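Naming follows writing order (A, B, C and D), and every chain is counted from residue 1.
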Amino acid sequence: MTWDYSAKTVDLLKRLTAFFDEHIYPNEARYEAEMDAFRRGGDAWQQPAVVEELKVIARRQGLWNMFLPHEYRGVPGISNLDYAPLCEVMGRVAWSGEVFNCSAPDTGNMETLERYATPAQQDRWLQPLLDGRIRSAFLMTEPAVASSDATNIQCDIRRDGDHYVINGRKWFSSGAGSPHCAIYIVMGKTDVHAPRHAQQSMILVPAGTPGVEVERHLSVFGYDDAPHGHMEVSLTDVRVPVENILLGEGRGFEIAQGRLGPGRIHHCMRSIGAAERALEMMIDRLQTRVAFGRPLAEQSVWHERIAESRCMIDQARLLTLNAAHKMDTVGNKAAQAEIAMIKVVAPNVSCKVLDWAIQAHGAAGVSQDFWLARAYAHQRTVRIVDGPDEVHRRAIAKLELAKRTAARGL
Amino acid sequence: MTWDYSAKTVDLLKRLTAFFDEHIYPNEARYEAEMDAFRRGGDAWQQPAVVEELKVIARRQGLWNMFLPHEYRGVPGISNLDYAPLCEVMGRVAWSGEVFNCSAPDTGNMETLERYATPAQQDRWLQPLLDGRIRSAFLMTEPAVASSDATNIQCDIRRDGDHYVINGRKWFSSGAGSPHCAIYIVMGKTDVHAPRHAQQSMILVPAGTPGVEVERHLSVFGYDDAPHGHMEVSLTDVRVPVENILLGEGRGFEIAQGRLGPGRIHHCMRSIGAAERALEMMIDRLQTRVAFGRPLAEQSVWHERIAESRCMIDQARLLTLNAAHKMDTVGNKAAQAEIAMIKVVAPNVSCKVLDWAIQAHGAAGVSQDFWLARAYAHQRTVRIVDGPDEVHRRAIAKLELAKRTAARGL
Amino acid sequence: MTWDYSAKTVDLLKRLTAFFDEHIYPNEARYEAEMDAFRRGGDAWQQPAVVEELKVIARRQGLWNMFLPHEYRGVPGISNLDYAPLCEVMGRVAWSGEVFNCSAPDTGNMETLERYATPAQQDRWLQPLLDGRIRSAFLMTEPAVASSDATNIQCDIRRDGDHYVINGRKWFSSGAGSPHCAIYIVMGKTDVHAPRHAQQSMILVPAGTPGVEVERHLSVFGYDDAPHGHMEVSLTDVRVPVENILLGEGRGFEIAQGRLGPGRIHHCMRSIGAAERALEMMIDRLQTRVAFGRPLAEQSVWHERIAESRCMIDQARLLTLNAAHKMDTVGNKAAQAEIAMIKVVAPNVSCKVLDWAIQAHGAAGVSQDFWLARAYAHQRTVRIVDGPDEVHRRAIAKLELAKRTAARGL
Amino acid sequence: MTWDYSAKTVDLLKRLTAFFDEHIYPNEARYEAEMDAFRRGGDAWQQPAVVEELKVIARRQGLWNMFLPHEYRGVPGISNLDYAPLCEVMGRVAWSGEVFNCSAPDTGNMETLERYATPAQQDRWLQPLLDGRIRSAFLMTEPAVASSDATNIQCDIRRDGDHYVINGRKWFSSGAGSPHCAIYIVMGKTDVHAPRHAQQSMILVPAGTPGVEVERHLSVFGYDDAPHGHMEVSLTDVRVPVENILLGEGRGFEIAQGRLGPGRIHHCMRSIGAAERALEMMIDRLQTRVAFGRPLAEQSVWHERIAESRCMIDQARLLTLNAAHKMDTVGNKAAQAEIAMIKVVAPNVSCKVLDWAIQAHGAAGVSQDFWLARAYAHQRTVRIVDGPDEVHRRAIAKLELAKRTAARGL
């Protein structure tokens, strides 16, 4: 039993950290400035030049598509455990993932296409995604129903000759705001009379298909998260060829389950990276501000919070790495409790540490002058998306209850 | 010992609630639409017509300047205890206070002018404020120092013949974004060699005085809070006549202390109003959404949260009313522990209830479709402004420690 | 709306506090010594002489039977609101209530007899209780079922000619350990086929009736709480005359509801008294211990805890007084939400403050050298008896849910 | 990076678990009965026969002295990481450690003697300890000072010819109640004028040396924890030969530091074992009790708590194993942050889970009928002994602050 990162991860981590020091942190202000200029100009939904520039450098350095679980057409695969620490670094700057072609929801969509798409579908959509030429969105959540229960989904996918006709309304479709977003994976129902978990199908819908309308963005607290965005998309009599179905009718739930695990690891490690950065900022502020005659850093209430932050962060990281290892060794299904646990723990930890860091900054902490309020808004949202805390805790409890029932021989 | 609201409050409350039902809630969407139009047009710092229209109606109904602690030129006074329940109602819609000429920071500024200004200063500034013709700002907090310790303030006010010359940088100057904002009360230091609490002075600076620049707004989470705003204001060689000083040189700290109490009651009761509304929305959502076969409202984890919300809200209200009563009967100074306590308790309660309400709404809860995320951002900020939680808890603890020292005869 | 204690309460409070200073605190060590001597002698279930001595003094001073809600045979009545502050004082020393003939479960039992018993029953049992010549127990909770749901009660009461025959097993029968305990009020079922809330009856069973066996005491954490005790009592073919029924067959649930309210106020105010004492002890310890070069009282983590303690205690007290006032003015039924709320809030507050106080004392805090661990054990138990937190939170939530359903006109 | 237990641990764990199933759990009632009989007989400080019987079986099965870090006279050594999971099992039954000669404070004392004692000291004391023929105590904490700051220790050790003369008062000397306790390791000061961390020395004092008096036991929430016990011991002019000093004068602080790490791992893993057992009991109870028409196990508030328990326990275990691994690979000094973290986390987790388990049991949960209240009392104490939470959080914070100071190049 050893706990050190693999040589592969150590190497990638070193290079990635160096890239952040050289290219990401120094460009955070430029990124914000470019986006602010877009906003002032009345159209926030544009790609900032800095990202495109940095993509070229990252790809040249081999810091590209690092996430892919299995070797695919020359892109080497990586285990969840080896990739996880890289996500932690990328979690420190929200827009950094795209620089390395490692950003959600593209990673999940690429995994889905690598695993479930036909070669033709892969040629058409996976390759340009891997090349960073296009981006993608995943249209799952619907405004009218509690989407944490996937059986509630109402989007209608109906076969009509050689086409499927799609009608529905989706929202919080992350990434659909990007001008590069070219393809949507849409979850809907092809047969409401089938068994509960065989009603759903997933289908590929190219952006710009008639009947698709990106109606508006949903803000997260007051942030638009442009150009990525969380969009409301209506689908009205949208027709796509039958070849666009993924894996076949009624396989949607199966695909949804299959794509879940790795994305959770990524999300959670990014949450941990955000928490680490928040802790650093908290300490830096406390060490440089004086009130009532003493640096804030000498006050024991802050000692308690710093210590609690360190305890929470280290535990969340170990839990997430443990889940990654379990996924790598026994599979997503057997690791379902571990995956549910990190989904609850990691964003709650990052929210708590960010909240303290905001408090340490005073009013500045809620403003645009620091990264903290924006990061909080994002992490708070992570406690909801991909299933709210309550749904995951329920799942964990059910597994625990079943264990005891079995132990008592009932 | 009785706990019922006075007849005066019962009457005002009834009329105010009716006004909300008839004029405020039905206009919330219009207010947002007007502000969004301003933002899309590139200038958010404009007064929405709806507010001006409603001001006329409110004034006509006698729901105007209800806050004033003492009778002043025909405006009747009201006790803190009698006024507090009205603030709770106004806390349900952030912009509603202005409709009744009862919005911060104008209320605090008007109280200050009523209490400390010369008749000439009152003629010039207090009367138009009471008429709702102009608005005002209070320039206290500075970006460079921990302003929760008022002795850290650095803004320089220097006598030069018949003028004072002011140099400094202020931020989070709430209300300074309004196009109607005509007067600033500025806190600075006239004598850094005086005793610690006699260095500060307050001075009246008309908006538009040469050298005053409203440089930018500070966002709160992602919200600009236009047109009110939280502004960064630089003061460079700003000259105002010596008559503009309030009460005299070195009296700034005294004024700051004197104006604190009532504003805290207002803030806290508004926080409680926000919490009440959040609880209502939480329940309404839980009663109308189904997951895993049952309405969310039937799940006992939500029972716990609803019950905790009710317990917290009712306790916070009683604590605040108790503080108001103590201020009315024994004065702000003797009620300092009670005032510090509500400043900690009320916004923490509203943040907690709002956070649960957001969780009950799923992703919709963080978006612009509901009032919740915006309200959370505001309430989270209340935990910082006018002194962060830590400063108030420290003050409470010092009083408790002193009590025991005295009790043990040390 | 005023918040001051009535003149009657102020007077009683002053005299009661003086009695504590003169007679109770100075005798705490003696009480423990007497009880320890009993324990070492192998029989803890004896009445310590100090209590009997102090009863005489208290009665002489008119500090006797202060709890009675209504005037009864010359004993003056008192409102819940007026009596509550006295309970707070008595909460500071667990055994003090008996000195004033104001201790549970006798108070609740005496109220029950005053309200529901026949004159003959009152002559036989209420008068000696009011005189402090005997004590009593209330046999409700059963080991075999979740007794927080009163419909689960299984104890069987069957009519047999001029007698009732009782069979059942009760536990946590508080007070049944006392050598003075002469009468039990027993809750059981006379008709399991009646409607759910008409199955229960209450009946008077004299201690020593054949078939009654006090089998053992239940400890609370490691404390036996002798001589009061929490006893397990078996009832095997216990025969009592039909005249011993209270109010009539099927009225047990009604009586149970009727006796609940005042006892809750008493419990909760005692919890608040315990919390106050814990806070005092916490501060005293912090002010007299030095670690790492500074008194603990100067460390800001303790400032936070002291301030939080004060905020929690004052809120809990206001909430309880408000519930008392509501009971006095609109009745127990209309005050059911308020009563449920204090039952959750008060013991949770006292547990939290006691836990911090223990921590402030280091290892000494868990030992017999301080009152803290014993008080914690008791307060922790209050979170369970008379319904666990979860049951009361559920009741509060149901009322809130119903309010919104009504508000929305559903 | 792998996370599986070593083959050695897997084997020991399997055999240890089987031993518990066959010999420990079935004897828990007998242990309590034997101790109760001692208590009723007036002398609780006797060794129950069941422990002596089981020691023979355990030793025969090779489940004996498993804790020793290094090979010593034929006893094989074990790493912290390999031993830790065994402690988790032993944490499920408080008295079980002695059966395997793996109980505190003997393990820490044996490690100390193995590491710092002379061969003569080892022959005299270590060998009988390893044989389970005698037990030992560690006399560190003093009633008069905040002993969490070791420099506060006041016990005086003065050289007088060929002897040391010891005067002082110790308490919470765990294990000193045992009739088998034959040797004390005493911490005191040999030179109050030496540098702060060179004033202390440790010395061996045989039980029964004239001047040593075991005055009384300290209870822990009402429990005497006999026959082990937490004793108050006075040392009055106690004379021991100079050969009894450990390592030399002024080395006491060094020894104290050296002995800390492994004991912390043991304590924390036992806390985790206690938490696991509490979670099992919580679930079992919830699955077998019905209230308001449904099993408690179906109520979602309990789902939340079960899930939170699982998340907390798994994180605490990973954190502790990580600390153990770090101690094994880079040493106690480099692992000081990790050790401090687990000391805070593990007992807080077990207290929380135990508290919920008690709540799930209703009043039964605080009584002697279940293991829960006793376990809570013990775990609550672990949050204080070996340094209270606050001291460890302070240490963690200091390390974090230093890291940032270094990172910013200050």
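As a convention for this text, contacts are C-beta pairs under 8 Å (C-beta built on N, C-alpha and C of every residue); 3 or more make two chains touch, one makes a residue touch a chain.
For each chain, UniProt lists the protein as follows: A, B, C, D = Acyl-CoA dehydrogenase family protein.
Note that the structure is a prediction, hence the values are computed from the model and not measured.
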Number of steps on the shortest touching-chain route linking chain A and chain C: 1
Maximum centroid distance from chain C, chain identifier (CA atoms): A
Chain B and chain D: spacing of chain centres that average the CA atoms, whole Å: 53
Computed distance of Cα centres, chain C from chain B, in Å: 43
Between chain A and chain B, centroid-to-centroid distance (C-alpha), Å: 37
Multi-chain contact residues (two or more partners), chain C: 299-304, 390, 394
Chain B partner contacts - residues on chain C that touch it in the complex: 1-6, 81, 279-280, 283-284, 287, 297, 300, 302-304, 306-308, 310-311, 314-316, 318-319, 321-322, 325, 337, 340-341, 344-345, 390, 392-398, 400-401, 404-405, 407-408, 410
Of chain C, residues touching chain D in the complex: 40, 42, 141, 143, 145-149, 152, 171-172, 218-223, 230, 289-292, 296, 299, 301, 358-359, 362-369, 373-374, 376-377, 380-381, 383-385, 388-391, 394
Residues of chain B touching chain D in the complex: 299-304
